[in-house]
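Next come two complexes, and both contain chain A; in the first it sits with chain B, in the second with chain C.
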Partner chain A sequence: MFNLKRIYLLAALCVLALTVGCASSPSVKYGDSKGVETVNTNFGSTDLQTIAEAMTRSLLESHVVLDSREPPRVTVYDVRNKTSEYIDTSAITAKIRSQLTKSGRVRFTVSTSEMQNQVDELKRQTQSGLYNTQTQTKMGNMNGAKFRVEGFIGSIVKQTKDVKDVFYNFHLSLINNETGDVEWEDEKEIRKTATR
Partner chain B sequence: MFKKSLLKSGVLTAILLISACNSTPTIDEMTVRMRNTDEVKILDLRSIKVNNLLKAEATILVKSTKKSISYRFMWIDKNAFQVYGDEAWKPLPVGSGQSGVLIGIAPGPAAETFRLELSSD
Partner chain C sequence: MVSSMLMMLSVFCMSLASVSHAQIASPLPPLSKVPEVKATQDGVVAQPQIQPPPSTLKGELVDFKMTIGGTSSESSTTSTSTTTSAATTSNVLQPALAPTVITPPRPKIPNSIAVTDFSVKNEYQEFFYDEKASSKASFNGNSNFGPTGGGVAPPVDGVAPQAQSPVTYTGTTTVTANSDSNYSKNFGTKRTISYGEIRGINADIKAALLKAGYKVVQSAPNLAKDKQGDEYFDIRERVNRGDFGDAQYVLHGTIVNVDIRSTNDRIAGTNDYTYRLEYSLLADFTLINTETLEVSAAFNAMGSGQDMYLGKYNANYVPKINKITKELLVSFGQEAEKKLYEQLPNLNKKETGLSSLFSSKQQEAAGVGDPSTLKVYKQGKNNDPGKEISTDIPLTIYKK
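Let's look at the complex of A and B:
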């Protein structure tokens, strides 16, 4: 009698566990990576793509690019995050760099964050003694960037009980490394509003 | 009589040839609408090459913003093939009852013409 009760209790617990487990399993599906995302007012994929396209378009129409006989050499510096949320600003600059490189109108040199890899590779080829001197890359031939790109992203957040309004301002500058002149500057503003 | 009919057929042939050569696509032909985007009226479409990259502009009028409508440009090469893949969809930067301009620049020099794509929720 006692054993039967225990068995019934165990069976009931198993059924309960199975029901709860099946009910709470997540539903996963693929979405459109280019689609407009409106999950919340935080910085999102649509904002990243919109900013990158706007900055790329503006830079391609700047006098620096239009008036150059050859594609100007540019290096990328970090974009400072002045908002109160976490934003991977390197993703924004990587996207801008990728689009500009594809256009063929701008050439990029290694950035500060990529410099260590560049030095390591040069040392590996020239100092390890393993590489054929005819085919190894030579030290002292790197091209310097004439310009650098840097900027910041800021936000203004206003909130009431029913409404949250977030205004993003992305600012980018192209600076001449030799003279310090700001050769190009532009900004992209995005407003996102959430209502209950 | 014969000369008159010859002249008439010559003029007709010339008209047909000119109209065939000048077949500029209409705004509707250059716009791809997905789902219900009737609230957006395309007033004008134009393009120009800037530094060998095609720049496209579309003047639009938004009648109302009941639906969330987004846009993107599709770039087409001289052989009518799409190039550079799909752009990201962008929300319309224009409010209800307002007009505005949508601007796009092709990612590379292969684009010779474009289509404006509109989609709603």
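Let's look at the complex of A and C:
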């Protein structure tokens, strides 16, 4: 009888402990999105922001932007990832593009990766027969970009038992689509070292 | 009595006929023989050529062939040569009888332009192949076989009949076989050339000329003859033929090239294709003065029109031809109009009133303003118009 009571009590304590354990959540807090992130040597948010700011500033100071009366039309090509790790390079170009667009001194056209949506929308309006001919968009009126932005990101990684050194090199070019001339070019280098 | 009356009637008729013949054979030639005299460009009247009546022809027989049962073309050639030689000698015969009928050239309508349709030459080659084979065979057999001779004499006085001649069997067999086979193969390239006009392209150009103040004259169509050659494009012949009425200028257009492109290309970054049909036209224009045949302007113009469709691979695309043609004509007309305005000769406007007194063009035409044309006259006595004196003093003329 005594043993049975002890068994019931033990079971009740276990259930209580499980309930309390499951209900507890990890502590979450908002941090500074522009704060320095040093979790590891992989490509991170600080690297992304550093590269985007450096490239935007340099491009806005280029003669292409400064000398043109109207904002030059630019299209963005994908930045090739030559590193051994996975990096979403479209995030880098998207950040550069948004900062340049906000400046109002550069105008962007639809990039290759966004063309499917553009074509689908044109097809829907012009070929479906559902739209008013007065208000529908006309085919053949897309503006062509005079320049294109393209680049790559590469890395050199060296690692010992206690030290890991990563060197990132981000390279970006602005090319005249008509002449093929490279009108502007810049690069940003980042070194990250982790020790145990 | 009746016969004498008939005789008198016939004599009367003959005399009447002779009178009428005498009236026809008057000194003036019949109207059909009066040559037409045209004034040349220099204003010199061409020498009249009289064709005397056939009875007075004295032609030199150049060539004459007579073939019994021959073709008629030979005799016609001979008669032509005879007539030609007679015409050359006719001036000597009756020069004083020729009346001079001068047909002055019709005045051209000032500031008028005739616009021709586009003359085109279509040339295409076609491969042909013709192979024929035929064979015919015939076989005839004829056989004739039978006994001959062996006649039996009739019994005479109880004597048994005896054979008079042996029986022989003779026969002939004729076999005839004929075989005929033919084979022919013809192949090559057949080249066809045709000439014609394309209408309906010049409407915008005519409208532009009307806007600029010119009168547009409708030109006669240029019809191709049998065995037409490249003289179809000879605009001078058409001017002389009067295809452009009384127009002062003719704007002659010739199509240089027509290009039709049908493409389907994949759009980068998508799974779609663009299906496109495009027409483009390049034409050459020449503005010619119909009096002097001087080229007053020359340019070429290009236009293009296209229809596009977005779709997946192997989409069923039906192009809108009317849309393409309209775009082509609009763009072609705009470019032609622009280039035409750059080179159009100035309108010959008659200035009247006070404006003509201050017209710079008239001043220039009269030599006013040019010091080298200024002459100084000394006043003479008794309304003497005076004599021109020379002066070495430099003269300066100021315009208002």
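Quick note on the criterion: the second predicted complex is superposed on the first by the 174 of 196 C-alpha atoms of A that agree within 3 Å, B and C clash if a C-alpha of one lies under 4 Å from a C-alpha of the other, contacts with A are read in each partner's own complex, and residues count from 1 in each chain.
By our rule, a residue touches a chain if its C-beta (ideal position, glycine included) is under 8 Å from a C-beta of that chain, and two chains touch if they have at least 3 such contacts.
These numbers were taken from a predicted model, which means no experiment stands behind them.
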Task: Evaluate whether chain B and chain C can sit on chain A together after superposition, giving fit or clash.
output: fit
Message: Contact-wise, after the overlay, does A:G140 reach chain B, chain C, both or neither (first, second, both, neither)?
response: second
Field: Which partner, chain B or chain C, touches more chain A residues
entry: B
Query: Can A:G104 be said to touch chain B (first), chain C (second), both, or neither?
result: first
Query: Given the touch rule stated above, what does A:S62 touch, chain B (first), chain C (second), both, or neither?
result: neither
Task: Please work out whether A:S155 is in contact with chain B alone, chain C alone, both, or neither, and reply first, second, both or neither.
output: neither
- prompt: Is A:T89 contacted by the first partner chain B, the second partner chain C, both or neither?
  reply: neither
Statement: Apex chain A angle, CA centroids, chain B to chain C, rounded to a multiple of 10 degrees, is 110
Shortest CA-CA distance in Å separating chain B from chain C in the superposed model: 31
- prompt: Mind pulling up the chain B residues that touch chain A in the complex?
  reply: 50-51, 53, 55, 68, 70, 72, 84, 86-91, 103-105, 107-109
Query: Quick one: in the complex, what on chain A touches chain C?
result: 111-116, 119, 122-123, 126-127, 139-140
Message: Per the contact definition, I'd like the list of chain A residues that touch chain B in the complex.
response: 32, 34-36, 38, 45-46, 49-50, 53, 56-57, 60-61, 65-66, 99, 102-105
- prompt: Of all residues in chain C, which touch chain A in the complex?
  reply: 267-272, 306, 308-311
